[in-house]
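Which chain is which? They are A, B, C and D, in the order written, and residues in each are numbered from 1.
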Amino acid sequence: MCRFVAYIGPPILADDLLYKPKFSLVTAQSLNAGEMSVTVNGDGFGIGWYAPQLDNEPCVFRSIKPAWSDGNLRNLARKISSPCVFAHVRAASPGLTVEEVNSHPFACGQLMFMHNGVLGGYKQIRRRLLRHLNDIAYDAIQGSTDSEHMFGLFLNHVKDPHGHVTCEEMVYAMGKMFEDLSTLLTEAEVRAHSYLNLAVTNGTSLIVVRYTTNPNVQPASLYYMHGREYHCRGEACMMEPTYGKPSAIVVASEPFTARRSDWMKVERNSMMVVDETMRIHFHHVQMDIEKLDFESIVTELG
Amino acid sequence: MCRFVAYIGPPILADDLLYKPKFSLVTAQSLNAGEMSVTVNGDGFGIGWYAPQLDNEPCVFRSIKPAWSDGNLRNLARKISSPCVFAHVRAASPGLTVEEVNSHPFACGQLMFMHNGVLGGYKQIRRRLLRHLNDIAYDAIQGSTDSEHMFGLFLNHVKDPHGHVTCEEMVYAMGKMFEDLSTLLTEAEVRAHSYLNLAVTNGTSLIVVRYTTNPNVQPASLYYMHGREYHCRGEACMMEPTYGKPSAIVVASEPFTARRSDWMKVERNSMMVVDETMRIHFHHVQMDIEKLDFESIVTELG
Amino acid sequence: MCRFVAYIGPPILADDLLYKPKFSLVTAQSLNAGEMSVTVNGDGFGIGWYAPQLDNEPCVFRSIKPAWSDGNLRNLARKISSPCVFAHVRAASPGLTVEEVNSHPFACGQLMFMHNGVLGGYKQIRRRLLRHLNDIAYDAIQGSTDSEHMFGLFLNHVKDPHGHVTCEEMVYAMGKMFEDLSTLLTEAEVRAHSYLNLAVTNGTSLIVVRYTTNPNVQPASLYYMHGREYHCRGEACMMEPTYGKPSAIVVASEPFTARRSDWMKVERNSMMVVDETMRIHFHHVQMDIEKLDFESIVTELG
Amino acid sequence: MCRFVAYIGPPILADDLLYKPKFSLVTAQSLNAGEMSVTVNGDGFGIGWYAPQLDNEPCVFRSIKPAWSDGNLRNLARKISSPCVFAHVRAASPGLTVEEVNSHPFACGQLMFMHNGVLGGYKQIRRRLLRHLNDIAYDAIQGSTDSEHMFGLFLNHVKDPHGHVTCEEMVYAMGKMFEDLSTLLTEAEVRAHSYLNLAVTNGTSLIVVRYTTNPNVQPASLYYMHGREYHCRGEACMMEPTYGKPSAIVVASEPFTARRSDWMKVERNSMMVVDETMRIHFHHVQMDIEKLDFESIVTELG
């Protein structure tokens, strides 16, 4: 499995998101994640962010090294100030190689995408999935992960991935991606469960999903907090509350600030949409594969 | 482009093949290849060899680093003693990433495969090529190079890539691979030329190909020498001549020993087969795409 | 901290030592060591072995990547058959960088050396330590770890590190190294405790040390088992017992075979010597720094 | 040898400095430098820059990979907008390892330092050099290059490397560094020549040196151009001229824009100082070692 963090709001320093918090992604969760069966996320990492003063496309820095010891990430985090940041530490699923192109987030045009979990039956459906894709979506896939192939399916429903993509279009593409997965998994009679915690952004709006096909267990954990402003004063990192509409939102696989009560769970099998005005909506996510006779043995969360 | 070396014969030290010769692959050709337009081969390397006293499958060590500065390769070369060695230094074609899975040689079961050159129109035919493959050949492809996709086509014509593969079967599969490429390039009306210097082995026999679709230029260089025994005495590396059937054969993109007259050219558009009794045969290689109207501009050798 | 394994005896396959056992160094201990406070050893790894049929110097393959996902190590382990193998997975001490030259084992001439633990006050004594060294010992240090600097001290007491070094000379040098450390730590009034589990070999004999300056805690764990032959049959790896003198010895930070009762502890603050006839001796190890007023806070095992 | 670029002036995009120019450091000079005997600079790279809106310390991103194929550098260059940028591609001197800590630029506090060339007799004087250093300068050295050890000597003459360092102090420290080198080389009776093209900055002023001890050859090439503003319009990169005091200065091992006449040579054995008001001064650099009897064979520029 993996752990990730997503932020959208007023520009913040990546350091405040990734290093300073008590249970931060890099210093704590990459080495010893609290809410996972597999606790080490040392198979590469990635960080992606936007610099809207320069252009609309994300900058992605990815590595095959563990995040906790990487000096470049340490240095960059102190200089990246951005209104939209994704970061991901990877624990590769068995059989998937550790290569730079397999590190999250994946980017195409204006979009970034990352995943925590596993797509059950990926090997069985991979070829059929690829056949669905138009050339742009196909060519966007550089690596071999289940995650990036789902991004391919997502891109397949975006009109022009290299142009401007609206929040609505992202919501639409995410829905279609789940429909396609549903069809592919049904056709291939896949019996392994999927765990799909996802995040996608165009730099100004954000979609996250917490989902599993498995009715008997909880999806992998996913939390969010929102407020007026996220900041660190000394060692204390927190979200400044607001009574009105939030202007800053953090989503994370695990709460990483000291005051755990600031964090809310993203509900089981739901999609959370933060549009460009920072309004938050929730949608139910469903795949029509519940009729399938799943393996009784729960897929090991990789 | 790239440079490669292949050896088959009595066990030799990799050091004698890769470091000691005057114009060796690692110390000379990786930094400054003599017979190429692109002279730097710094986009990763790989070495593969057999240890028949242990098993029949090759051991492959690949890296994204330049060969010339790699301490691990330096150390290993002094300890690898093998009757069949492949080594490759890569200059990535434009657009292809430098990842460990993209370094040659590629291995599957008992087989190893490597390529120097470029498959013209690869991007145009890639998807159709993959559709041809059975699941074993498809799953053997881990990276994104044109080279490994050709290996996939080759494996598609091998009955059981994970079992024993004879020399005859390799010759057959190589022929079929060229047939398939011919069909794919014709169907896609590819106009870019291909440069296909290839080597494949099962550990006891060896096939190399020197080929280009371009009638106006020579294929990339490819040489061989044979004799009783290849050895280095101090700095002097040479092939001991024999009047009978050779028992050792070296194939290389460029002559690397001091006495250049020991080296013979592999003829244009031909396949050289060294069977398990060390008998050498030559076959003509042809693709039925000569009728196509090729670009007048010669594809830059990547 | 780190974990290591050392083997000496009839040639064995590295795979049987590092991958096949139930709690093996690579598949289990690198990700989740049982007897450590820090359980992840993902800051690089190394393996060193001898090929006496070729020469007397070890071959060392080191990497900055976690061992558990490294395809090259996976491949090599199946082809390395050797009478003397060292392997090490690293958890870098705070402040020490993850670089290839900082991965263990360290080699010089015929010797290999590795360390699990931390040298308390290393930063305080480093410069003075280096001043003690002759040029050969000084030049042998390529990286910046406390471990390699201790190897430097050790080499300083070896007459000709690039020639043949006997078991007696290794025992002598190890004793002298402890004497020097004792002097250096006393002079610098170091108050931090040291944890020094060490292994050194010349390829035919083996010395391991389990030591700490801290009278209040146990040294890091260190076990050994010996017998006629170590082997894996299917998944079951074990040491074949013998009633006479052992001919095979395995030392490991943690027992890694299923039958834990086969393993014995190396005693606290002792040096275990396996000479070239496979005779085993134990020596007490002592540093004359007990009079120092150590910090009451136990040094965190890095 | 190596190649480097330094920029100071109004904020520019790293992309305009490193990728867009016709003979740019990354796309041209790293693979095929024009004015060097060794033409490949593939032994790692580094980029350092300041973000004065955040703090006064440089951000350094270094790698062991060749610059030309690095996707992260490609991405970062499009998002780094900075008033002071250093970039360096390395060709390691023989015997020096390729490690991240050995890639330039080196940073300490507010300062960055890089070197192109070789310090003759480095191995002979290294230990004595280190003995000169105070603890701060000593601890700043993380790697094993001659270059970083010279940075150590430089830092030894800076009052507080972790505080604010003025332009004057940098000029003073550079002079003292040359004095120290002079003494060290004389004492050790070094007969190998040195080639010392250097650059150091505090983010607001810049010092570069072009120097060799060898009276019979030119120092390695070093050029600069200055003007009102450096920019790229499409593919055309150039320095906008000014009749008054310049506000932008580029220094480079080789001219990289199309109009070569814009570039001036830094004179042999001189130091060029650009202070925080963008005033340019030149100083003569001299070492008192001319009396030494140098080797007649010119040191190969590594």
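As a convention for this text, contacts are C-beta pairs under 8 Å (C-beta built on N, C-alpha and C of every residue); 3 or more make two chains touch, one makes a residue touch a chain.
What you are looking at is a predicted structure, and each value in this text was computed from that prediction instead of being measured.
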Interface numbering overlap (same over half, different under half) for chain A and chain B: same
Chain pair, C-D or A-D, that carries the greater number of C-beta contacts: A-D
Averaged-CA centre spacing for the pair chain D and chain A, given as whole angstrom: 40
Junction residues of chain B, two or more chains touched: 71, 97, 100
In the complex with chain D, residue positions of chain B that touch it: 31-32, 39-40, 42-43, 64-66, 68-69, 71, 92, 97-98
Interfacial residue positions of chain D with respect to chain A in the complex: 13, 49, 51, 53-55, 57, 59-63, 71-72, 75-76, 78-79, 81, 100
Residues of chain C defined as touching chain D within the complex: 97, 99-101, 123, 127, 130-131, 135, 138-139, 142, 144
